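Before anything else, here is the set of structures, which you'll find just below.
There are two complexes below, and they share chain A, which is joined by chain B in the first and by chain C in the second.
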Partner chain A sequence: MADTAIRFGFLALLAGLIAFFSVSAPGFLSPQSAVFIFQSVAITGILALGVTATLVVGGFDLSIGSVATSSMMAAAYAMVVLEQNALVAVLFCLAIGALVGLVNGIIIVYMRVPDLLATLGMMFLLVGLQRIPTEGRSIAAGMTMPDGSTAAGTFSPAFLALGRHRFDFFLPNLLPVSVVVLLVLALLIWFFLEYTRFGRMMYAVGSNERAAELAGAPVKAYKIWAYVISGIFASIGGILLAARLGRGDIASGNNLLLDAVAAALIGFAVLGAAKPNAFGTAIGALFVGVLLQGLTMMNAPYYTQDFVKGAVLVVALVFTFALSNRSRR
Partner chain B sequence: MEATFRITGLRKAFGPIRVLNDVALDLCSGEVTVLMGANGAGKSTLVKIMSGVHRLDAGEMTLGGVRYHPASPAEAIRAGVVTVHQNINDGVVAALDVAANLTLDRLSGKGAPLFYNPRRVRREAKAVAARLDLDIDLGASIADLSLADRQMVAIARAMAHEPKVMILDEPTSSLSSAEANRLFAVIDRLRQHGVAILYITHRMSDIRRVADRIVSLRDGSISGVFETKPLDYEGAVNAMLGRAMHLVAVDVKEATHPVFEANDLRLSDQSRPFSMVLGAGEVVAVTGLVGVGKTLLAETLFGLRRPLAGTMRLRGEAYAPTSTAEAIEKGVFLVAKDRAESGIVGDFNIYKNISLPFLERFSRLGVSRRGAERAVAREQIDRLSIVCRSERDDMSTLSGGNQQKVMVARWMAQPASLFILDEPFQGVDIAARRDIASKLRASAAGRTTLLFLTELDEALETADRILVMSEHTIVGEHRNEGLDMDRLLAQVAGEPMRGAA
Partner chain C sequence: MSITRRTFSRLGLAAAAGLFAAPALAQDMPAPFDNPGEVKIALVRYLSTGDFFQAYLSGVEAQAKALGVDLRVLDSRQDAALQADMVDQAIALGVDGIIIQHGLTESMKEAAQRAVDAGIKVVAFDVNVENPAIPQIEQSDRDLARLALEQAVADNGEAWKAGYVYVAGIAPLDRRDETWREFKAKYPGINEVAMFGTLDNPIANSVANQARSVVTANPDIQVMFAPYDEFAKGVKIAVDEAGLSDSIKIYSADISTADIAAMREPGSAWVATAATNPAVVGQVSVRALAMLLAGEEPGASVIVPPTLITQADLNGQDIKNMEELSAKLPQFAHADVAMPAWMPNPNE
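On to the complex of A and B.
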């Protein structure tokens, strides 16, 4: 009984929430509304899936938010200032994500800096670094450069399509690219972590590093790869953010880190896993999206949003650590 | 003598499972009563009831003739029943120095002064340390102390409560022999102070050294009390296991052909080089005291460290592994010491623990085949008679002996050339130990099985050949058949010896 409650409690809560909003907020139960929810959590969801990989190996990545915003600025810079096409901009961003992840991993694994501190430092560094090329300005087509000239490039239409194109799905123009990317990445990382031997070994590393090493696993490599995955996912989030905004906005993306981490931690409670898992992370992100969308449609003011997210996170953590541990004993 | 502490008719059940049945136990002042019992016999439950963690369901406990039913550990301590737990670090605060640890209970108790006065604390700590003749720097930080010293501090701290009864739960399980000897000296001193001691242990050597009486517990009932001197140790083991437990003579086998050779291997700076040849089909035990380099040798063979000098050959080819992965690839497997720390993956269930090192062989294109994993796990559960509901059980639901069987099963699932087990019988009850040993012997054909064992009894029960290690080198070799015990013991004790054969 208690086991069932722990296993399905959170999913039941999500179902109850959807039922409640469907009844009390007219228009909540529509494809458009559902797509809007997915769209609202797409970028944080992608970041959360990335950070899940680091949580699995027993680490943590605080730099994901700033990797995403750096990637957004880099995309804008590549196209507007360097006048490159969409493909180059995307590859540039992915390279930055992978590089940051690699550096994080090396600092943590080889220089033995604790993960929270290393990635906190990296976060700080990136927040500052992304402002240097433009001397703190946001990047948009036709902007004035520090030397007084005007930037000649523009956001390429192909790149903007990543943020604005919608696929037909039952209804015309329903699914935005970002939602498709989220679903594909969620499926990928879920399959990777649950069903491949690499994912299994990453869980082993996170649970008992010494045992994994004695079982022949290249523990250091797995850890570094986890940070590289996290970096690449964060940079994908940044690309989608840039495509959605159509500019490199230095003020955006403030909430990305906290929202993503919250989704991953809420995911611990899903299916009573009590450990990081991709499915839980996706549900966690969705849960926050549903709650916010429902409350917004019921006219809750925007400034209550963070409070609601925080409350959900605390409840989920209590659920995970207090309840599931008790039943296990 | 009148008993200081008396238990009569004690019963305890957890849900439908009866753990203790009509247990009666007397502890007398100034006596060490050893409590023996296999894993799951109910020892820890009994200790927890005595120390106020659990309540009893029925029965009576008296302390000094007065009814004693503690509702909490704090109440038990106030009444004078103090427990020193198996996990040494539970008894000390690592961030504080020795003096503060010794007086910790006074720092927080009622009537404790508001300000921390280092001089007063040092003075009180000195008095506490003096009672047990502790020779530890009071200013040292706990983190810098050896496990043995921490244990002494925990016991000394417990003594500060002026206990009438002290419970020592497997106190030597993480100590070396020399350290254990210091502990025994302290126990002698506690005895002189008139403390009634309940001493829980698996180790025969401990029992021989400290026991005044032996009480055997089996399946939740007292199955034997031994108090006439000389104590009947075999009888006590018998009572605990319910069958005759003499040292089982091994049917010694000869190696068929060499599998592994080491030539002039040197493990540390000062040690003498040694050579050895291990053959197919034989079980070889390397014995010696704690700290003589057994784990060092195991780790060298498994590619965790490089020898300082010398060469190794495996099945005729040069063998110099640079990683555990390479060692495993070449058929050298290690069941590492201390399963909780270096073996069990806590988040994984049984079958995932078993498949861990060979996941690649259970995978196609990187995707693991769970059906195959589970089939192999079921086979191993059967083969090693692991007690569990299914191969998907969590490791935490298994007893220590069964957890160790899973660790062995992990490596037995694949054919090995050199199968190394470092202290495989640590924290394993005797029945499970016999089980593991007989399975190791039964499957020994075709590979070399190399065991690292501190307990000589364990080596005598399992090996065809015994190598003795001392000071990071091998100092003796014996066939386990009419062997010269005196000579072997002398070699273990580190008597100067000529090189190993």
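On to the complex of A and C.
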């Protein structure tokens, strides 16, 4: 009985929430609204899936928020200032994400800097770095460069489509690209972590690094890969952000980081996993999205939203740690 | 009508340019600006990141350069205690004048008094240091909100359903909120059906998520009042995504190059914004300080008037960025505030 409560408690809570909002918020129960909830959590959800990979190997990545905003600036810079096309911009961003992840991994694994400190340092570094090329200005088509000239490039329509195009799905123009990307990445990382040898080994590294090492696993490589995955996912989040906003915004990305970490931690409680897992992370992100959009539709003021997010996180962590430990005893 | 007025003002400008064709020479200026290289002023900043503050700084630099004075920039990066220390640092540097840009009344009041006691002239921008010796430079947030709302009433009549974006506790937004309340009282036909807002960054993205829920729940909203451009950007994204660009009009405050592009997109719902040019505010800050140094009185509060910018203005004159906006809307490029005859105009 207690076991069932732990396994399905969170999913039941989610179902209850959806039922509650459907009754009390007009317009909540519609396909458009459902798709929109996915869209609102797509970017933090993608970041959360990336950070899940680092949590799996027993690490942590505080730099994802700033990787995402740096990637957004890089995409804007590539197109507006360097006048490149959408493909180049996307590849440029992915390369930055992979490079940052690689550097994070090397610093943590070979320089033996604790993960929180290394990625904290990287976070500050990126917040500063993204401002250097434009001397602190946001990037938009037609902007004035520090030397007084006007940037000639524009956001290419193909790139903007990543943020604005919608696929037909039962209804015309229903599914935005970002939601499709979120779902595809969630499936990919879920399959990768649960069903491939590589993913299972990452869990092994996370649960007992020494045992994994003695068993002959290349622990260092697995850990570095986890940070590279996290960096790439964060840069994908940044690409989608740039495509939605249509410009490169100066931003620290701290809120993205916090929301993503919250989603990944809430994910521990889903299905009583009590460990980082991709399915849980996706449900966690969705849970936060349902709550926030429902509350906004009911005209709840903004400060209640942070309160609710925090409360959900605390409840989820209690689920994870107290309840699941008790049942194990 | 407007053409003649514009032509007329251009003639006026040309005449003025002719009169002052030779840049004001140092010896034409009152002491201590007859020897401007010896004059040192400091800009002590609380906020510095973002386009607004970048443009403000460029205005300060331009006016300081036009005067020929030595400018030091001290940036506390949102550290209130450090900002107060920096005023003391400026006093120790032996500056003649200090501009305090933003900050908290509690932390800056005493530091500002110490500077005044040391015989230094001080002006404050957007922070009230409660000192009669220190003129306040202000962009009038009430006027900003009033201009945008008057345009909304002109476009939509006196009765409409409104969505309002607001976060309490931010001084300029609170002042804009006062005007919004006055308007709602004055026009009972204005019905605020939803209020939302957040400052989670990237702000535009977070506001877009909220606005999307709001327009889904209230598809009959006609006007969105978003008196901060990041809010307006977010609302526009949501309105576009919901396919409601035809039925909702967005009115905002502030402007940037990115905002101009967003307002000019075909079918854009963002129809008007009221803005003060941050570079002009920077210039006025330096000019008010220079007047104090020359023994003149700029007044206890120096208000930089805002300009209404409509989508029609931008499209009609094909304005693509802030520079073209300054060039084509002269009232945006220069404010005739704190402008005694001897003051060099940095735009010329």
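Just so it is clear, the second predicted complex is superposed on the first by the 325 of 329 C-alpha atoms of A that agree within 3 Å, B and C clash if a C-alpha of one lies under 4 Å from a C-alpha of the other, contacts with A are read in each partner's own complex, and residues count from 1 in each chain.
By our rule, contacts are C-beta pairs under 8 Å (C-beta built on N, C-alpha and C of every residue); 3 or more make two chains touch, one makes a residue touch a chain.
In this text, all values refer to a predicted model and were calculated from it rather than measured experimentally.
Of the two partner chains, chain B is the only one touched by A:K275; chain C is not.
By the touch criterion stated above, A:P26 is placed in contact with chain C alone, chain B being left untouched. By the touch criterion defined above, A:I43 lies against chain C but remains apart from chain B after alignment on the C-alpha atoms of chain A. Shared-chain residue A:F321: touches no atom of chain B or chain C.
Of the two partner chains, neither chain B nor chain C is touched by A:F169.
Contacts of A:M297 after superposition: chain C is touched, whereas chain B is not reached. Of the two partner chains placed by superposition, only chain B is touched by A:A217; chain C is not. Considering which of chain B and chain C touches more of chain A, the answer is C.
Legend: residue contacts after superposition of the two complexes on their common chain; A:Y110 is shown touching neither chain B nor chain C. In the three-chain superposition model, chain A touches chain B and chain C at no common residue.
Residue ranges on chain A touching chain C, taken from their complex, read 25-28, 30, 32-33, 36, 39-40, 43, 69, 72, 131, 135-138, 140-144, 150, 164, 176, 241, 244-247, 249-256, 292-294, 296-299, 301-302, 305. Against chain B, in their complex, chain A makes its touches with residues 195-198, 200-201, 203-204, 206-208, 210-218, 275, 328.
Touching chain A in their complex are the following residues of chain C: 48-51, 54, 167, 194-198, 200-206, 208-210, 212-214, 216-217, 219, 233, 237, 240-242, 256-258, 260-262, 320-323.
On chain B, the positions that touch chain A within their shared complex are 302, 304, 323-325, 327-329, 334, 336, 341-348, 352, 356-357, 359-360, 362-363, 366-368, 394, 396, 410.
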